[in-house]
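Listed next: structures, encoded as structure tokens.
Okay, so chain A shows up in both of these, paired with chain B first and chain C after.
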Partner chain A sequence: MGKRVLVIEDEPNITEAIRFFLSRDGWEVFAHSKGHDALEVIAHRKPDLLILDVMLPGRSGYEILRDLREQPEWTELPVLMLTARGQAKDREMAAEAGASRFMTKPFSNSDILEAVRELAPV
Partner chain B sequence: MQTLNVLIFVCTAYALFLFFVAFVAERAAMRGRGKWLRSSVVYTLSLSIYCTAWTFYGAVGYAARSGFEYVTIYLGPTLVMIGWWWLLRKLVRVGRTQRITSIADLVSSRFGKSNLLAVGVTILAVVGTTPYIALQLQSVTLSFEAFADSLNQQGEAANVSESTALWVAMGLALFTVLFGTRNLDANERHHGVVMAIAVEAVVKLMALLAVGIFVVWGLSGGVGDTLARIDASEIGKWQVDGGRWATLTFLSAAAFLCLPRMFQVMVVENSDEQHLRTASWAFPGYLLLMSLFVVPIAVMGLERLPASSNPDLFVLTLPLSEGQNALAIFSFIGGFSSATSMVIVAALALSTMVSNHIVMPLWLRANVGRASFSGDVRHVVLVARRVSIAGVVFLGYLYYRMSGGGTALAAIGLIAFAGMAQVLPVLMGGLFWRGATRVGALAGLTVGFGLWGYTLFLPSFGEGAFMPRTVLENGLLGFAWLRPQALFGIEGIDPLIHAVFWSLLLNAITFVTVSLASFPSPLERLQGAQFVNALQQTGSARSWSAGTAQTEDLMVMAQRILGASEALQFFRREAARQAGGNARPGKLPDPTPDFLQRLERELSGSVGAATAHAMVAQIVGGASVSVRELLAVADETAQMIEYSDRLKAQSLELSRTAEQLRAANEKLTSLSVQKDAFLSQISHELRTPMTSIRAFSEILRDTADVSREEKQKYSSIIHDESVRLTRLLDDLLDLSVLENGQVNLNLRDGTLREALDKAASAAATGDESPAITILRDPEQESITLHTDFDRLGQVFINLIANARKYCDAEQPELTVLVEHNDLGVQVDFIDNGSGIPSDAQDLIFEKFARVSPQRAGGAGLGLSICRQIMERLGGSIGFLPDTRGAHFRVTLPMVAPEHLAESKPLVTN
Partner chain C sequence: MGRDTLTGTRIRERRHAVGLKQAELAELAGISASYLNLIEHNRRRIGGKLLLAISRVLEVEPSVLVEGAEVGLITTLREAAAARPEARAELDRLDEFAGRFPGWAALLADSRARIDTLERTVEALTDRLTHDPHLAASLHDMISTVTSIRSTAGILAEGDEIEPEWQTRFHRNINEDARRLAETSTALVRHLDASDAARAIASPEEEVERFLAANAYHFLPLETGEATVDELVDAAPELTLTASRDIMRRYLRRYAHDAALVPLDPLMEIVGRVGCDPTVVARNFEAPVSVILHRLATLPASAGLGPLGLVKCDASGTPVFRKPLDEFPLPRFGAGCALWPLYGALSRPSQPLYRIIESSAREARRFEAYAIAEAAGPMRFGGIVRIEATMLVRPLDRGDGDTLDVHPPVPVGVTCRICARASCDARREPSVLTDKM
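Showing the complex of A and B:
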């Protein structure tokens, strides 16, 4: 069994694409599309890596990440943040919230793959 | 001839003596000594100019002709002095505070400084006084003749009498000019003249008493004997005519108040209100003494002298016939005194009126702009005054010459009384009734004066002189009710009573009626208040010696105006200045003129110069506040009110502008925030489909073992996301086109139902939004419109799609209500959700605004596009915050305006 990755993303098509190439790379991929219950889902799935979208229904990715980092067991969890808004401000906010890596949509699949391998080496 | 020469010598000496008295008094007054000049005794004696030659000689003649009726002439003033003391006080108070120079000035001043009124009263006074002056000249001449007659020197006497009047007139004019116009005192007081008159008052009283004593004890043989003779004579049998008594008493009382010369001595020359207190008992006493021996002299004259002799001269002829030359000369001097004092004061009073109200206004009008320096005007005033004096006296002389000196003295006196009495209603009204107006006064005076002239004055010259016989007998223009001595058909009354009754009655009625009907000017109102409330004001000046109390009052006032600390600082500074720098702390400055001036200047910065002056004057005393100052105060106040009103309006406008600016700024800020939000929103909206497209393109390109189903599915995703991208770009483009006004409308006829049907079905298909029930009434919707149905449909689709997206009810419902009239249609879309938060309601029509971004499917352009479309179609779209759910209302005209289709770009932000 490979490592577990949780993708929290409200666009089902994007989730589908990520699932496609990560599972082929040996990841066990879980997906969730809402923000408000994201923390419970994380606690439940206990991923080795989190891919988190910023614009989510119910709660923004930044807020989720901030709360997550306050819990001791998740301080070291690698988190790759994705956003469709590519401004410098967004990058700063992601870093502040505790993101391990920040990537702008649209992304190249190979870039995601590379980042994931770096953040959570198998 | 010897006696005559002695008489001339005595006369001249007496005249010189009077000149000397006047000169000494004038000198004393100028040096500031002579407190005695202003004593109440002098004041009381000066009032005796009421007793003219007419009283001196005429009273006896009157008694000889009409018995005790002469008493009325003394009764009137006595009643006024004793009973109407308070009225005189008010008159004097007003005269002093308003600096009144004559009765014409008083009337004019009371009624808003109307010069027309002043001219009217002046003319009345001149017309009424001229015969009276003539009377005095005549009396002097007659008394002269009496001497001549008694000496049987008729040849020369005629000559003498011819020239006597002229010489006397010239002498009197000279005296009046010399002592009446020595200086233009602001108060118009003439100490020399008043003193001379007081001396003359004593002389004439003494003379009459001397003759009386001679008659009672010398001729008649004691009081008892005299009373017996009176009872036996015609006078004793004489009956009182009630109407005449009342009329004459009233007339003499009125004359006492209104005669110009009485006003001059009583009001203008008054230096202390308290003098009235003495005069109120002393003057009636004087009159009593003057009248005491009138009847005995008359009775004795009738008894001893031939029937042909003139009763008017009994006072003179009785001693003469008895060979008492010295007494006769004394008596002559008494009569001379009465005549001269009257002429002098009358000329003085009249000349003041004539020069102030007639000559000066004319001169000023003729010399507009040339009277540049005050010395010039001063000179002109003096000349005018002098010429007026000469003119008035000469007029009297002229009247004397023309009338021929035939009329009974008493008759002329009464006619003059009745003339001046016409001023009484206006005077009383002015002093006691605030409603009296200038127009009313003018009308009353005109009516009274006219009637007096018509019923009394003109007929007095005798038939045919000024009034044709036909008018007297048949009335003016043949109207019997216009007969001068039987107005309105009332006949058989004494002409005097008749004239007084009608002229004063109609005068008063006209005055009151016109006053009630007319509206006083502000100046009149102010003056009216000043006059009517004269006694309420603190007229008596506060003494300068009450220094500290005054300064404290000034301090309190200054604090109120300048503010407590500023006032204190100012007073400290002034105290230090006065003490030379080492003032005791807490010491207030003394109210020196210098200090008062600086205080006034300090105050005037806050309240205006006139107000400051008035306030300081009010506290310090001295002259009370003049009307001119009060008016200036009113002006300043008005200006300040206007100024503060303007300030208020300006500040209101400013705050309104500020409010608008704040609102605009808030909107701009909000718009700017929205724009930033949109940029990231549009970025998100564009990047999201692009992410899917790129990700799946890469999968298809890079992955060898993609199953056929997967290949199929991923290609569809790429296709759908491309469509989504295109739609977004279309919306942006559409909005841009609409905003720039470059849209081409495709107008055609169709029904509203058709548009709603299409929209409902279009909105129902497609995306993943939950279904919504649309409640419609097809009956209402069958309305034919001429509009762009594609664009209208776009709006309807948007509204229905929004309801589908945002309605949060369990079972979403959208109600469509249609109402219409001739002008247009109104379509309401109401859902049953929880509505739009009130803070978001203002923003929903702005571009890129989305109430809840997370749930939005579009870019937030829908409602912006709808608003643009509705504007193009000549209608509107709005949100109604009244119902629980979201309520949008679309209104549009039955026929879309063509011109709007190609209108200029609309700037929206």
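Showing the complex of A and C:
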């Protein structure tokens, strides 16, 4: 089985599409749709890479990422942030929170694949 | 009968579809109804500028009228492929794809058209995002749905083997998303209508722009002297704010002044005779070129010039008047693209500037741009000369290859925030349309 990717995204059809093309590329894909218990799910799934939406029910992706980076075991985890907003301040917030890469919606599948392969080389 | 010999039939069908009478289309296209009748019965061939004029009125690509919808579909798919060259779509098998899977091809083309429409909506509304949290939430929802459609359509379009149950599932997802998109769009329109009714976020400038657009920027009673500026403004309940009425009065006084200098009937006659080159028209009236640009942009549709956009700015570059085109939107706040000839004209007052410009929209459009900067208001020795630049924008006829030989297109955008040109020396801030950090 390939490396593990956890997708935290509240739009189920986006999750399904990402799950399909990443699985086909050899990744083991897990998905979660809520923000408030995201840290517990990350700890449970132990992913090699995290794809994290910014606007989630319960808690924003920025908050989740800030808390995650405070835990020593997750400081190096590659995190790809997804958001519908792409202004400079959003990029800054993502960088400050500890994102490895930031991508605005709508993205193409090849952009995601390329980013995932770069962030967590097999 | 060949494809192109049925052009007239397609024009008639399209005219019925958009609810125009034959006489109305003929007038808008600048020909007689009897001639249009011959064209519609395929007894006269049509091409060149008349075809472009009719296709513009009917809001359809000329190729669809000449060659039918199938060519339109293939063109759309070709544009979709060109927009994402990295996907390496098999262009050499495009005809085969559209022929063997017409349903999927139509779905892909439709998804692309929806994305284009949404991107244009985002462009037009981006200025308001920071002022309206409901609008921001609605657009966020729409972008999420578009993302889902794009991603799912991307999987289906790649052409790899996909199991039937996954195909069914993705087809269902696209259907769900399309429905959701329709619902969100409808809710957004309702919200914007409600906002308009409440005037809660309307600025004086927005009220004035709505009023101008509702009048198609043309005020016949002022041209004919049947109404005064005050009468027109007093009869406009939609101008609710004192500031809106003041701005409108100032604008209409200038409009009336320009109309007296360049009267409507002689202007229509000259445009019909010599075309719409603003410097040529200006010579006929001995009027400033900037006045002619404004007069041309506010002529009625019956002048047959097609859609014309206009933007004016003061010496700081701040827009002071805007008449946007659907294909060439103009930012409501802040300056536009620094590469517009409008700004080039500011550095060389009184010298007319002509450029072909190419928009940064996914489906790049070319326009003729006529710009000039001239003194605005009275001049006096020792006083400050106020300079204003004016730019007229006109969609370029697709067949006008000679113009392009002489004037290579200048790539421009609307404004940096919504411009997708990644490498541009004139960029002053990042774009929301490019994605990588």
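One rule holds for everything that comes next: the second predicted complex is superposed on the first by the 122 of 122 C-alpha atoms of A that agree within 3 Å, B and C clash if a C-alpha of one lies under 4 Å from a C-alpha of the other, contacts with A are read in each partner's own complex, and residues count from 1 in each chain.
Definition applied: a residue touches a chain if its C-beta (ideal position, glycine included) is under 8 Å from a C-beta of that chain, and two chains touch if they have at least 3 such contacts.
It should be emphasised that the depicted structure is a prediction, and the values quoted were computed from it without experimental measurement.
Chemist: Between chain B and chain C, whom does A:11 touch in the aligned arrangement: first, second, both, or neither?
Modeler: Both partners, chain B and chain C.
Chemist: Would you check which partner chain A:111 touches, where first means chain B only, second means chain C only, and both and neither mean what they say?
Modeler: After superposing on A, A:111 lies in contact with chain C but is clear of chain B.
Chemist: Based on the superposed arrangement, let me know which partner A:21 touches: chain B (first), chain C (second), both, or neither?
Modeler: After superposing on A, A:21 lies in contact with both chain B and chain C.
Chemist: Identify the partner contact of A:58: answer first if only chain B is touched, second if only chain C is, both if each is, neither if none is.
Modeler: It touches chain B, and chain C stays clear.
Chemist: Give one of first, second, both or neither to describe whether A:103 is in contact with chain B, with chain C, with both, or with none.
Modeler: Touch partner of A:103: chain C, not chain B.
Chemist: Contacts for A:95 in the overlay, against chain B (first) and chain C (second): which applies, first, second, both or neither?
Modeler: In the superposition, A:95 touches chain C alone.
Chemist: Contact-wise, after the overlay, does A:87 reach chain B, chain C, both or neither (first, second, both, neither)?
Modeler: After superposition on chain A, A:87 lies in contact with both partners, chain B and chain C.
Chemist: Both chain B and chain C contact which residues of chain A?
Modeler: 11, 13-14, 16-18, 20-21, 24, 55, 84-87, 104-110
Chemist: What residues of chain A sit close enough to touch chain B in their complex?
Modeler: 10-11, 13-14, 16-18, 20-21, 24, 35, 55-58, 84-87, 90, 104-110
Chemist: Enumerate the contact residues on chain A facing chain C in the complex.
Modeler: Result: residues 11, 13-14, 16-18, 20-21, 24, 55, 84-88, 91, 94-95, 99, 101-111, 115 of chain A touch chain C.
Chemist: For chain C, which residues are in contact with chain A within the complex?
Modeler: Going through chain C, the ones touching chain A are 84, 86-87, 115, 139-140, 143-148, 150-152, 154-155, 160, 166, 169-170, 173, 176-177, 417, 429-437.
Chemist: Can you list the residues on chain B that touch chain A in the complex?
Modeler: Spelled out, the residues of chain B in touch with chain A are 680, 683-688, 690-696, 698-699, 702-703, 710, 717, 721, 853-855.
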